[in-house]
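Read through the structures below before going on.
Both complexes below contain subunit A, partnered by subunit B and then by subunit C.
Our next item is the complex of A and B:
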C-alpha cells in the first residue's frame, strides 16, 4: 500500500506542475498573469517658430530723415516698435538680432565729399530674454546681439529701432533719395 | 481471486475517478477474497496566462506638428496595437486590468507658461469579457497624476483567445493648444489578467 500511495501523490503533483504560483496545503491555487510595464515612448524635436509681425506692417517707417533747414540727419528720428507674436522655442534657445544701415537705394556711386548716403541705427529685440538682444549697424562687433534663454518659451518679441546716426559722422549732409532702406532680422534658434 | 490481482484492478478504476480524493478502502467481497480501492485524485489550479506580446515596447515616434499652423503642438498620433496571442484563464470569474502611465517628458524642469510635458492616451484590451477595460490617463501639464487604471467586465467561463492592446486618443496634458517641450517622452502600460474577486 505504501507504494500505491506514492504513485497517487506523484500523479496529483503532475497536475499542479503547470500551474504558476501553486499553493500548498490542499487549497486550489489561483494565478494572475501580467504583462508590463510595457514602455510607451515618443519624442518631440527641439524647434523654434516665429509668428507674424504685428504693428501695422513689417516696415519701420522713419519718415523724413533730415532737418530741411540744415540738410543734416534729424536727431529725434523714431519709429513705432514692431511685435513678433506667437513665437516659441520648446527648448533652450538663442535669440539673435542683426541689422543693416539705411542706405540710399537710388543714388549710385559713392557719396560725394561732405555727404553720406547711409544711416546707422540700433535695433533691439526684447521680451525673450532678461537682457535684450541689441545690435548697432555702426559697431564693428555686437557682443550683445545674441542672448540665450535656458528654458522653453513662448511670448511676444518687441523689436525697436533707435539711435539713428549718420554713417561717417554727424556733420555730414545726407544725399537726397526717395528711399533709404535698411533691415532688421530677428532669429530664434535651438541652442546647444 | 488473488488479492494482489484485485488490488491492481481497483487501482485502474481509481484513475478513472480522478478528482475524488485520495482514499483507501478495504472491502470484503467474499469469504475468501478481499478488495482494496485506491482513488486517485488531482487538482488543476486556477490559471491565467497572458500570451507573449507581439512587441515589448511601443514607440509612437515624433509627436508634434512641424509644418502647419499647429506647429509645436501635438499632431495626430495613430492607434498603436500590441497582440497577446493565446491568452487564457482556465476558470470562470476573471477580468482584465489595464494600468497606464502617461507619456512624460524626460526634461523635468519647471514647465513654462504655454507648455506641457505630458501626453495622455487611452488604453483598452479586447476581447475578453463583454466590457473591455478602458483607461485614459489624465496627467496634468506639469506631469502630475500620470497613472490610471481600469477594469474590464467579468468573464463567466474559461476562455482562450488572442487579446489586443490598443493605445489611442493621444492628447496633450492640459490641452492640445499647449506646446510640448522638446525631448524624449516615456510612459507605460501594464495588463493584468486574473480573478475578478481579487480586485
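Our next item is the complex of A and C:
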C-alpha cells in the first residue's frame, strides 16, 4: 500500500514537469485544454409596477356636492372612473386601495351644530383580482381593501368612487367651501 | 473557475442596479374633489304652537291681530305671537330684520290723527337664530324703515324664531292714548344674506 502511493506521486510530478516544459518552449504540441464549465446565472426580482392613468388626470371631479335648496348632500353624486393601464406584477401580488374623506379645505375649526365638513365615500379597484379591492372612508376597518392575486399579471385596473355620504349623518348640512378634497391610493405590491 | 466567479459577480451587480430602477411596489395616488356653494334658504313661516295671544292664525305670510284696540277704552290691547322659519345658511352670513313702518301704522292714507288720538302702535320683534338673540324695537316714533342687521359668524341651521309683542296701552302718543279708527299694519321682513 505504501509503495503504490509513491508511484502515483511520481507520475504526477512528471506530468507537471512536462507541462512546464511546454510553456517554456512554446513549440511543443499539447492536447486540448478547456476551462469550465463556467455557470452563467442571473435572477429576476419579484416586483410590481403601476402604469399611468389613461384618459385624463388623476382627479375624480365630483363637482357640486349639495342641493342648493336645502344645503344637504346630493344623493346622486358620481364621478367617471379612472383606468390605470400597463401595470404588472411578475409574481404573487397584493392590490390595496386606501382613501380619505372629502374634507372642506378652507373651512377652519369644527363644523357647527347641524353641519358637517366632511363627506365619506367608497373607493373600488377592480380588474386585478377576482374580488375588487374596496374601502370605505367611514368604516373603522376595511377587510376587503387588500386582495391577493396568486399569479403574475398585467392588465388595466379600474378605480371608481361611489356611495357618498355625509360624515356624521345624512341630516347634517354641508358647510360652504370652494374645495372639498379627499384621496384614493392604489398600491400594487409583491405578496409574501 | 475563477472566471465563473467573476461572471456571476457581474450579473449580481447588474441585478442590483436593475432592482434600484424598478420599485417592488406600484403606487397610484389620486384625488377626489368637490365643492359646496354658499347657500342660504328660508322657508315659509309657521306659528309656534301655543304662543298666540290676540292674534289670528297665520294666513300665508299674513299675520292678523284679532283686536288691536280694547273696545271699551280704545287703547291698545296686548297681543303676542311667535312665528318661526326653517332656515339654513352654510357660511358666515348676516341676518336682517326689517320693519317697513317702524310700528303698526294706519295703512290707509288719511288726515292726521286728531288731538288726543294715537295713530300708530309700537311693538317689539325678538329674533332668535342660532346663537343670535336680538330685539328690534319698532317704536312708532316716526314712520320709517327700521332695520337691525346682525352678523352671524358661523354656518347656522334650524329655526329663525320671532316673538312679536304688543304691550297693552302702547301708542305713538302716550300710554293708554285711544287709537283712531283704521287698519293698522306693518311689513316685517327677514333676510339672510352674505356679510
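Assume the second predicted complex is superposed on the first by the 152 of 192 C-alpha atoms of A that agree within 3 Å, B and C clash if a C-alpha of one lies under 4 Å from a C-alpha of the other, contacts with A are read in each partner's own complex, and residues count from 1 in each chain.
Definition applied: a contact is a pair of C-beta atoms (placed from the backbone, for glycine too) under 8 Å apart; a residue touches a chain by one contact, two chains touch by 3 or more.
Computed from a predicted model, the values in this text were never measured in an experiment.
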item	value
First (subunit B), second (subunit C), both or neither touched by A:49	both
First, second, both or neither for A:40, with subunit B first and subunit C second	both
Contacts of A:71 with subunit B and subunit C, given as first, second, both or neither	second
Touch count on subunit A, higher of subunit B and subunit C	C
Touched partner set for A:82, first subunit B, second subunit C, both or neither	second
Touched partner set for A:58, first subunit B, second subunit C, both or neither	second
Partner chain in contact with A:152 - subunit B first, subunit C second, else both or neither	first
Overlap of subunit C and subunit B interfaces on subunit A (superposed complexes)	35-47, 49, 190
In the complex, subunit A residues that touch subunit C	35-51, 53, 58-66, 68-71, 77, 79, 82, 84, 87, 89, 99, 102, 104, 111-115, 119, 121, 157, 159, 161, 173-190
Partner subunit B, residues of subunit A touching it in the complex	1, 4-5, 7-9, 11-12, 14-16, 18-23, 28-47, 49, 88, 90-91, 151-155, 190
Complex interface listing, subunit C residues touching subunit A	1, 3-4, 7-8, 11-12, 14-15, 18-19, 22-39, 41, 88, 90-91, 130, 154-158
Of subunit B, residues touching subunit A in the complex	7, 11, 14, 18, 22, 24, 36, 38, 40-50, 53, 56-64, 66, 71-72, 77, 80, 82, 84, 87, 91, 99-101, 103, 105, 109-110, 112-115, 119, 121, 165, 167, 179-195, 198
